[in-house]
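Next come the structures, one after another.
Both complexes shown next keep chain A, but they swap its partner, so chain B is in the first and chain C is in the second.
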Partner chain A sequence: MPIIHILAISFSSGTAASAGKVLLWPVDFTTAAYDNVFGKPEYLRAFWVSVKRVAIGTTISMLITIVTAYPLSKDTSQFRLRTWYTWVFVFTILFSGGLIPMYLTVKSLGMLDTIWALVLPGAVPVFNVILLLNFYRNLPKELEESSRIDGAGHFTTLWKIYVPLSLPALATTGLFTIVGHWNSWFDGILYMNHPENYPLQTFLQTIIIKNDFRFIKAENVELMIKLSDRTSRAAQIFVAAFPILIVYPFLQRFFIKGIVMGSVKE
Partner chain B sequence: MRGLTRMFKKEWPLHMMLLPGLILVLIFSYIPMVGIMMAFQKYIPNKGLFGSPFIGLKNFRLLMEYPDIGRIFFNTIFIAVMKIIAGLVVPISIAILLNELRREWVKRTFQTLVYLPHFLSWVLLSGILIDVLSPSSGILNQVLGLFGVKPIFFLGSNSWFPYVMVLSDVWKEFGFGTIVYLAALTNINPSLYEAAQIDGAGRIKQTFYITLPGMLPIIVLMLTLSIGNVLNAGFDQIFNLYSPPVYESADIIDTFVYRMGIQQAQFGFATAVGLLKSIVSFILITCSYVLAYRVANYRIF
Partner chain C sequence: MKSSKFLLSVTLILCMALTACGNSNNSEGAKEAEKKPETAQQGQKEDGNQVIEVSTVSPSDPYLKFDQGESFEKNAVYDAYEKDIGVKITNKWIAADDNQFKEKLKMTIAANDLPDFARVDATQLKELTEADMIMDITDVYDQYATDETKKFLTMDGGMQMKTATFDGKLMGIPSSYNPYQYQYLFVRTDWLKKLNLPEPKTMADLMAIAEAFKTKDPGGSGKAYGIAVSKNPFSIDTGVTGLRAFLNGYHAYENLWMEDGNGGLMNSDIQPQVKDALKALQDMFKKGLIDPEFTVKDADKESELIYNNSIGLVFGAAWTPAQLAKGAVVNGKVVQEWGVYPIPSVDDSPTLNQIGLGVDQYYVISKKAQHPEGVIKLLNQWIVVDNTMNATDEQKIYLYGKDKQEKGNNYWLLNPLRVGKQMDNNGEILPKAIETKDPSILQTADQKGRYERAMKFIDGSDINMWWEVLISGPKGAVSHNPKIQQNKEYLQNKFYGAPTETMAERQEILTKKRDEVYFKIIMNQVSVDEFDKFVEEWKKLGGDEITKEVNEWYKANK
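The block that comes next holds the complex of A and B.
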């Protein structure tokens, strides 16, 4: 309901919205707010940073998930250090250095204000690795054995047999990774010193929620304040939610399968 | 010895596959752990981690003497515990009610709608909430006004703020929980219900004697998993919705660390607070994991 209300506001005229006439249906229908949003280079630039981030981040994370889960899904008889390695990864979920040491690490690597600060620190999704390795383990052993007899090495077995068979699991984890990258905003605040490097959610956080225009150049301030009146705020929220609103209904069944698969075992 | 090299020859591709993940984890998880040293230092940025003087436990003593620290811990635990309780009760009830519905499409549409906010970020949801809850133009206060209620500044009032956090968290997440519990419900053997019907049990009795006990393992599992989160009351949500007037009822450990550490650059002090939180969380997660393993026979790998 609140979501529909905001959608209605975004299509209403500014005067109707500020007079509080809008409930669940637009009053004085207009797309002015959207024209306004799409006419703003700041908004589009932030949108583009987010798109880049999703593309690079998801690719890296998925590749790493696939190749990490495979060795860890082996028995100790096949891979002796398996348990040891698994703990190296799992320990990172249990304990972390905390916000400030993390910030200083990224800073000392010279990654501040680059897209790598948004992509690399979270590039190993250990939860997804665990999910996928459980999935690999439930695949019949005979498949692997027969491919070994046919002369395939570990790499070939992984790409030709495991990956195609685990597509449902990969779709689920991949989509969660995409949504995660699209939605995260805090690392943008933390690692980006210049607003032109902000991903979309961080940009919106500063403009809509904190009304913080400190970073913006003086000549743009007026424009930014205009961007933050009520209809325009609503429109910006909607454009940012739009990619998710579109993919979501189609992918819902994957999500449900994936959650059930990940949460209940045996 | 020859066995060992042969073994290595067979296993080297597996080691190679782990390499990228290991390198990243080493850089971004284990190196920051070295930075924990800062908690015991008077950290001076231009002297760095290895040049700053050690001051022992002074940061921790400072923390204990910090006037608001009791309040911050209380807020964190209060908000988190309320969220855990509401986050169990609401989805379980709705899952049971939905399960009683016979029309498949109603169920599916309802699920799709309530699951949606789970996929939107707290930035967007906060933007929506700020508008809806605004005392001057928000729709909620307008509706309340029809009943003669004076406008309430939900996000600016210390008595309302924690409850707004809990309710909006339920709004975002209950769809997700409902799906998990619905999945558990489909695993209950239907012949149990038939037997109960023959014995004369009504809908309500069936719920209490078959449905709830059947869901118990997954309820225990979800509960134990959430115990590890008691010190995370929800940074994203609170950070986006709070403001100085409600620090008193809204400040949690994570928001405190952010303000102290990043905004006021007290790196050593903030790291000490973070370390304390990490240690307590670590203990809680380990305990709840052991509990989940014992009670619900849950293993993660």
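The block that comes next holds the complex of A and C.
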């Protein structure tokens, strides 16, 4: 419903939208808002940053998740410090350094204003690691043993046996990561020093958040007139939500399968 | 397990401590290193052609549009500064808007990474002063600020400069604006005529009008209300759809420090007059004069009701017509007629408009800055270019960009250091000039701009300029100012120091508590007597402590 409402607003004329006449069907149909959105270089640039971010971020996160979950899923007999390492990971879920130390770290590593500041600080999704780790543990031991007997090392076992078998779980965690990257905006504000490096959601934030009325001074009243172009905002929101709407049903397939698979014990 | 966790936390703490020390050592060294070039520069300055560089941080703006090929790094405004006064401006970072600017600024301060100069708020000014991160600019200001600048910033009698002074040291330049900004009552005059109602002079008139607007529904929208109220009527949205002016009509004020009659100060939020105002609002709510959904609507959302002819009474600042214009001017035609009136009073004594000091932000100069004089030069130049009546082509660049044409792209936002006039006489000049169509009496660039805009509406060339006439015209908002000014029908906040210790800690909670109680009373969820309980609680939750601190400050600064 809210999506339909936004969609209706995005296709309506500005006057109708600001008078609150639009409900579920566009009033005074126009595509002006979309022309405006796609005519904005900033918007497309931000879109591109987001796409890059999702691509790089998801790849890195998934790789790290896989190679971290694998050793942690072994028994202590095979990997003596397993419990200790697991605790180190879990510790980061419970406690974080806080905003400022985080910022200082990113800054001193020279990542400000680069895509890496968006990708690397959250590159290890501990929750996903735990999900996958548990999934690996539930896979039959015999599979691993037989591959070891056939002469496969850890790496071959991981990529040839574990990864293909865990596709449903990977799709699930992958979806989490994609959505997470696509939707996050705060790190963009924090780490990007120039608006041209903003990812899409950060850019949208800046448009949708209202100007603070207290700071409107008598000198800039003209701004007020333009302040609420709701149709263009609605169009931008819709365009931003669209990719996720598209991706979701495709991954949903695995999502359900993953849950079903996990629920059956041998 | 326990020991490993412990080990980890110890390592972490050690790491943090080490990096912290490392940082301060670095900056110490840097300070030493930077001291030298400053003196060297001083000597070279004689030839006058030396371009000095100052760094800053800037907020962008959703409506700031750059000319082709320009950006924050390179644009006509920065070039003009470099050419005209030899100061090159660089940006350490740019935030997308004002809110993000504040977030990032906190980071920058925490990281001890201040640019040469930056705009900070009153709390930060105090903190930075105490942390010894910003420069005492008393001497620099004295030496480099022109007489015009000094006069400009002390037009209000020096109050604003005083707020930036700590122990006799000037620590920042107030980002000043005119504190004498009043609120007004905006009424649909076409409805008044239609229903044959008199103009509102007292609060009783206002109630009668609100009730008529509700019951007779002159806009024909089917669900009319008496008055526009949004979800932040006491704080953020007071400029339009707020209730601050309503309180003022009952001689109650929103978070203001006023004299208690015994030589001390007291907070207005807990005075009995507020109870009267809340009682009145509760009655209005019971009668259905207030939108029952107001607590979830911001000013924009609530304004929809104004645009679609459901509400004809709005309290707001002088610029409110700019908001009303969206509903009043549709497809090149004026479809709603509005009038502006002074805030009515509940009794015989006139309403006092509550006003602040006209400053809540300051430009500070970092201790590490090599060229503090560059900042003062920027200030001088801004005051010159923003206040000339007939701007030359060169000066127009500062406001409109390289093509010197006003095209609504907000180029003036690129000026890194902006201060506004602390006084204006728009109320005396503009209504007269517009009525007689006589531009010769205009005195400032602002007046000229407003006059020209209003004329465009009057001669019919641009109907969209409707709002300017409602602000500046013969019966516009500012036309009421001379009377308010002459009779001193305003009440200025008496506390102008930086937030006190308890205030910094508790004010937010107290304001939240206040809004909650006020809302419950307005919405008739609790009896109006709940206000007395709130007063007790307010005092206990830190209000008494704050009052004590404010009074100590008042004694010291009176």
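Just so we're on the same page, the second predicted complex is superposed on the first by the 229 of 266 C-alpha atoms of A that agree within 3 Å, B and C clash if a C-alpha of one lies under 4 Å from a C-alpha of the other, contacts with A are read in each partner's own complex, and residues count from 1 in each chain.
In the analysis below, a residue touches a chain if its C-beta (ideal position, glycine included) is under 8 Å from a C-beta of that chain, and two chains touch if they have at least 3 such contacts.
This one's a predicted model, so the numbers in the text were calculated from it and none came from an experiment.
Chemist: Check the residue A:Y198 against both partner chains and state whether it touches chain B (first), chain C (second), both, or neither.
Modeler: In the superposed model, A:Y198 contacts chain C only, not chain B.
Chemist: Give one of first, second, both or neither to describe whether A:P249 is in contact with chain B, with chain C, with both, or with none.
Modeler: A:P249 sits against chain B, while chain C stays out of touch.
Chemist: Return first, second, both or neither, reflecting whether A:L170 touches chain B, chain C, both chains, or no partner chain.
Modeler: In the superposition, A:L170 touches no partner, neither chain B nor chain C.
Chemist: In the overlay, answer first, second, both or neither for which of chain B and chain C A:W84 touches.
Modeler: In the superposition, A:W84 touches chain C alone.
Chemist: So in the superposed three-chain picture, is A:I100 touching just chain B, just chain C, both, or none of them (first/second/both/neither)?
Modeler: A:I100: touches chain B and chain C.
Chemist: In the overlaid three-chain picture, which partner chain does A:H5 touch, first (chain B) or second (chain C), both, or neither?
Modeler: first
Chemist: Report for A:L190: first if it touches chain B alone, second if chain C alone, otherwise both or neither.
Modeler: Both partners, chain B and chain C.
Chemist: For chain A, give the residues common to its interface with chain B and its interface with chain C.
Modeler: Residues 18, 20, 88, 97, 99-101, 103-104, 190, 202, 205, 209 of chain A touch both chain B and chain C.
Chemist: Can you tell me which positions in chain A touch chain C when the two form their complex?
Modeler: Within the complex, chain A contacts chain C at residues 15, 18-21, 83-84, 87-88, 91, 97, 99-101, 103-104, 107-108, 189-190, 193-196, 198, 202-203, 205-207, 209-228.
Chemist: In the complex, go through chain B and note every residue touching chain A.
Modeler: 7, 11, 13-15, 17-18, 20-22, 24-25, 27-36, 38, 49, 111-112, 115-117, 119-121, 123-124, 126-132, 137, 139, 142, 176, 179-180, 183-184, 187, 218, 221, 235-236, 239-240, 254, 257-258, 261-262, 267, 270-271, 274-275, 277-278, 282, 285-286, 298-301
Chemist: Show me the residue ranges of chain A that touch chain B in the complex, using the header's touch definition.
Modeler: Those in contact with chain B are residues 2-3, 5-6, 9, 18, 20, 23, 63-64, 67-68, 70-72, 74, 78-81, 85-86, 88-90, 92, 94-106, 109, 120-124, 129-130, 133-134, 153-155, 158, 179, 182-186, 190, 201-202, 204-205, 208-209, 230, 233-234, 236-237, 240-241, 244-245, 248-249, 252, 255-256, 259-260, 263-265.
Chemist: Per the contact definition, I'd like the list of chain C residues that touch chain A in the complex.
Modeler: Listed in rising order, the residues are 1, 4-5, 8, 12, 16, 19, 60, 62-63, 71-72, 92-100, 103-104, 107, 110-111, 113, 177-178, 181, 236-240, 298-301, 303-305, 307-308, 317-319, 322-323, 325-327, 330-331, 408, 410, 420, 446, 464, 467, 471.
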